[in-house]
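Next come two complexes built around subunit A: one with subunit B, the other with subunit C.
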Partner chain A sequence: MSLLEVDNLSIHLRGGRTLVESVSLTVNAGEIVGIAGESGSGKTVTAMTSLGFLPAGATATGEVRIDGADMLSMRPKQLQAVRGSDVAMVFQDPMTSLHPMLNIGTQLTEHLRVHQGLKRKQAWARAAELLELVRLPDPHSALSAFPHRFSGGMRQRIAIAMALACGPKLLIADEITTALDVTVQAGILDLLDRLRRETGMAVVFITHDLAVMNVVADRLYVMYGGRMAENGSISQVLNSTRHPYTRALIDALPEGAALGKALVPIPGEAATPDRRPSGCAFHPRCVFAVDSCRADVPRLRELEDGHLAACAVDPFGALPDRAQLLDIALATPKDPRVAS
Partner chain B sequence: MLFRFILSRLGSAAILAVGIILVSFVLTALLPGDAATSRLGERAAGNPEIVAAVRARYGLDQPLYVQFFIYLGNLLRGDLGTSIRTQKPVLSDLAQFGPASAELAIVATIVAVIVGVGLGIVASLRANGLVDQALRVVSLGGVSIPIFWLALIAVYVFSTLNRVFPSSGRLNPGQTPPSQVTGMYTLDSLLAGDLTLFASAISHLILPALVLSAPMIGLLLRFTRSSMLEVLGNEYVRAAEAKGLPRHTVILRHVLRGALVPVITVLGTAFASLLAGTVLVEQIFGWPGIGAYAFRSASNLDLPAIVGVTLFVAIVYITVNLIVDFLYGIIDPRIRRA
Partner chain C sequence: MSLLEVRNVIVDYKTPGRRPVRAVAGASLEVGSGEIVGLVGESGCGKSTLGRGIVGLQKLTSGEVTLNGVPVSPVGRRARPRADLGLQMVFQDPYSSLNPRRRIWRQVADGLTGAEADSSARKVAIELLESVGLSAAIADRYPHEFSGGQRQRIAIARALAPKPSVIVADEAVSALDASTQAQIANLLVDLTRERGMGLLFISHDLSVVQHIADKVAVMYLGRIVETAPTVKLWESRLHPYTDALVRAIPSLEPDASAPVAPEGEVPDPAAPPTGCRFHPRCPVAMDRCRTEDPSLVIVEDSRAAACWHQPAGGPAVRLELLETRTLEPR
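So, the complex of A and B:
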């Protein structure tokens, strides 16, 4: 049994809009699993269900199990017991995720005291250890300080310490480096990797930045338009990419441009729950799209061991030679900027 | 840091107080009428030698700015002049009527904060639901129903129709006030250990205090609701929920704390309108406070008393704003740096 099992999860809003459709993923103990995709791909919504959070007014079908217990059918009290203790979360922007009017010590200890029943003194001693663990300088005086005293990188370290307080089995890291300077990012990523090795916790790492993903993740899920596009080990997905969307994300990396390759933006606009194209949601932006892509939602197929992609065309894999690939591309000329 | 913050706020409050005194002094000086002759009888006012002597005695022959410093000096010695109507020093009048108003205003404010903020929290958690709609009516009513009308209705319903509360005064007829310590009968009767007197003082206090608190309840309810709603959308609230904290901890410690600064700002201004409301409420409930004193002084053109009340109210107002500033500093550590 995996630590986190998301099984055929669909999330709908009132009015029929679909946020997430038939998504499945697993996270094993001690693993760092990435979820990548643009805004609106459903990656954050999916990850939040592992804490039992659903967007306001949304309904979910399927199952989200932590250690076998379904988070979607839990009562509020049961959810409270799991949140912060078994599953913890670090948010994108440390400027807004820490309470500006509560001191660091209070924010680090309040859930420790609730979940582990620690006395104030014990909890504060533990909080100082946690700040040491995330390498925050001068942890003891930091406890009585307020968040505005710290830089973005320092605040994110504090937020990570907060998430680690009760020794969670699973950490949800939602774009935790996106709001930080590149130099600070590296420090946070190192920290995350060290903590994973020291504590054995699993991490769900959410980002749209595949370069960051390549550094930290063991396995990768790529989402688009609320559906799973491709998943597999990090090298399967990034080195023998099979889905045109994953390929497009890689080509759009500025790191490639630094090496002299052309920087290729993805044409058109990302699909959102409000505007999701028919068939394969990526088809209006896809140079390989054929007629059937417009009509049929592609099935997620296993291409090689543990490597799955949802593309009917599969332009980088199944084709016998590059010439035929070129024929397909030429046979379906279109302006990809025109969304259907 | 907090100490420096308090010191700087105290300094600016003192400057503000001097400013208010200056304005009230200039306004009094601008009024038609001769301060020297108004102090004398009719015959003495006709004698230029006596008038000149009075002018010299009170410094009225000095230039205006010198007079201002003489006036400041008098104020510092507690000399606010003598009331024309009561023939007593204005200061002793204020000491007599002030505590009665303070008692009324303080109880009204406490009630308003508890009820207004409490209902505001409830409304924000049930936003746009049935409870919220009902509370919107309560808030609108509190803010827009004239206080004198509310007072009359309250007297009619709770004193005339049902004898639940007495309709006027601070104690039952025939009861002797407790020996003065604070001048607030509820506190003084408790200090004296006289529970019958305390019960009487409380039952007289409830109705006027409730009426007086109505506009403040309306205002606080509305502001608490909107401020809570704004904070509820913050990521730090989601973060608190993600830590598995109990719901009441999330609401009271995280959301309410974040929502409190605008509420306290409103509290400061609402207190000013509450002071204005005391004039009407005290008149209707026969409450012998500053409001009633101001009303009678104004209708008798008792200048020293009017100026005295003006200064008194101004100083109360400055003090309340000072307290509001301190509360900001306590609640939001980021403000302490300013």
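So, the complex of A and C:
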């Protein structure tokens, strides 16, 4: 049994908008699993729903189980016991995830006292250990300091220490390195890798940066327009890519393009819950789209062992006749730039 | 002579009751016509302060900035001298840099001068919006109707209005999604080349800079520690800090090794280390680095570095060789 199992999850808003549609994913103990996609792809809402946090007025169907417990049918009290102890979350912005007027020690020990019933002194000592674990310099004096004293990278370490306080089995990391310098990012990535080795903790790592995924994640899920586009091991998805969206994401990255060449943006605008095209949501931006892509939602198919993609054309798999492929590419408007 | 020349700029931030913080401690750089210069460094290194100092938004403690040979004066309450309008800025956050209550064509038209500002303002503003890839039909809309990438296009159109000769873009693509980032970066490159402008592209993201910049200047704790043509910087680094920055970039290559974080934390800029400011974190620091501050010297082939390992006039010493040398214990 996997630690986190999301099975056929759909999330609808009142008024019929769909945030997430038929998404399934699994995370095993000790594993770092990535969820990638542009803003509006549904990656964050999928992760939040796994913790039982639904957007206001939204309904979820399908199943989410953490360690076998069904998160969607739990009562608020039960959810509260799971959150913070079995699962924890770290957010993008280390400037807003800490309370500016409480010292670090107070914020770090709150968890320990609530969830583990530690006395003040014990909790304080444990908090110092946690700061040591995330390699914050001088942990004892840090406990009595306030958040403004620390740099962005140090605050993110403190936020991670806070998430680790009760020894969670699953950590959800939502864009935690996006706002940081590469040098600081490298330290945080190394920290996550060390923690999962030492403690067997699993991590769901959410980011749109595929280069970061490449160095940190074991498996990768790529989402677009609220649906799963492609998933598999990191090397399957990034090195033998089968979905045109994944390919386009890679090509748009400075790391993916050849040095000195212009970057290759994905034409058009990303799909959002308000504006989701018919059929395959990616078809208006896809150079390989054929008529059926506009009408039918492609099924997520297993292409090789553990490697799934939802593309009816599958241009990088069984390559159709090269001339035919070129026709398709040329027939598509190149860069509609910005829609009016 | 270069279009934009920045000479020995020093910027101090003074807070009553505290020691002044020297955010920029003597920086010089040049931007030529049609040239893109990338200014990179970690947050807190002073790159944004330097950018703001160059356009006149931040008063310089000392040093000089000249545009076409004419000194740039700081922005004050009065209208700027016509010559200084040649220097324009694009900011990081396209949500706060546009006025939410004014139609976008009017905001673009703000920068127009002379006859253009009067009768034909709307027409010229629409042309500018079209030149950044927006359609004429959206001229009457308000900023909230646009996505982040579109807003950044509007901000660029506004910066283009006074026909600038140099644009300073401070983290102009950092807040955008990967694909939008590529669109805006390409737009800035095209505009720079077409109009023969200079572009000072300030970013913490070396991987974007390596794609669009002709030259790169690397900043650490208020100093420029290395400058080089981009292509050469990617082949080899002369300053250990630049090398640390490059090695921290995650790679898309299959089986890439994990990025390496440099040792230690960035020191407090109010109390910078003695000698070379990078020495406490430097893997190849020697005694001299702890006491004497190296200045930026030309090493070879239009490359410059501020490192005691790199002698003025060259030949450049490869960092890999330094690391294998036996070093005295630190």
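Here is the rule we go by: the second predicted complex is superposed on the first by the 315 of 340 C-alpha atoms of A that agree within 3 Å, B and C clash if a C-alpha of one lies under 4 Å from a C-alpha of the other, contacts with A are read in each partner's own complex, and residues count from 1 in each chain.
Here is the rule we go by: contacts are C-beta pairs under 8 Å (C-beta built on N, C-alpha and C of every residue); 3 or more make two chains touch, one makes a residue touch a chain.
Nothing here was measured: the structure is a model prediction, and the numbers come from that model.
Trainee: Clash or fit: what happens to subunit B and subunit C when subunit A is overlaid?
Mentor: fit
Trainee: Could you say whether A:137 touches subunit B, subunit C, both of them, or neither, answering first, second, both or neither?
Mentor: It touches subunit C, and subunit B stays clear.
Trainee: Give one of first, second, both or neither to describe whether A:211 is in contact with subunit B, with subunit C, with both, or with none.
Mentor: So A:211 only meets subunit C here.
Trainee: Quick one: subunit B or subunit C, who's touching more of subunit A?
Mentor: C
Trainee: Let me test your reading of the model: by the given contact rule, A:91 touches which partner, first (subunit B), second (subunit C), both or neither?
Mentor: First partner only, subunit B.
Trainee: Examine A:148 and indicate which partner it touches, taking first as subunit B and second as subunit C; both and neither are also allowed.
Mentor: first
Trainee: Between subunit B (first) and subunit C (second), which, if any, makes contact with A:295: first, second, both or neither?
Mentor: Touch partners of A:295: none, neither subunit B nor subunit C.
Trainee: Under the stated touch criterion, which partner chain does A:83 make contact with: subunit B (first), subunit C (second), both, or neither?
Mentor: First partner only.
Trainee: If you stack the two complexes on chain A, which partner ends up touching A:114: first (subunit B), second (subunit C), both, or neither?
Mentor: First partner only.
Trainee: Once the two complexes are aligned on their shared chain, state how close subunit B comes to subunit C by Cα atoms, in whole Å.
Mentor: 9
Trainee: Residues of subunit C touching subunit A in their complex?
Mentor: For subunit C paired with subunit A, touching residues are 42-44, 133-135, 137-138, 147, 149-150, 153, 177-183, 185-186, 189, 204-208, 210-212, 230-231, 234, 244-245, 248-262, 265-266.
Trainee: Using the touch definition from the top, list the residues of subunit A that touch subunit C in their complex.
Mentor: Those residues of subunit A that touch subunit C are 38-39, 137, 151-154, 181-187, 189-190, 193, 208-212, 214-216, 235, 238-239, 248-250, 252-257, 259-266, 269-270, 337-338, 340.
Trainee: Considering the complex alone, what residue numbers of subunit B touch subunit A?
Mentor: Touching subunit A: residues 234-236, 238-247, 249, 253-254, 257-258, 331-334 of subunit B.
Trainee: Report the residues of subunit A in contact with subunit B in the complex, numbered from low to high.
Mentor: Residues 51, 53, 76, 79-85, 88-89, 91-93, 96-103, 110-111, 114-115, 146, 148, 159, 162.
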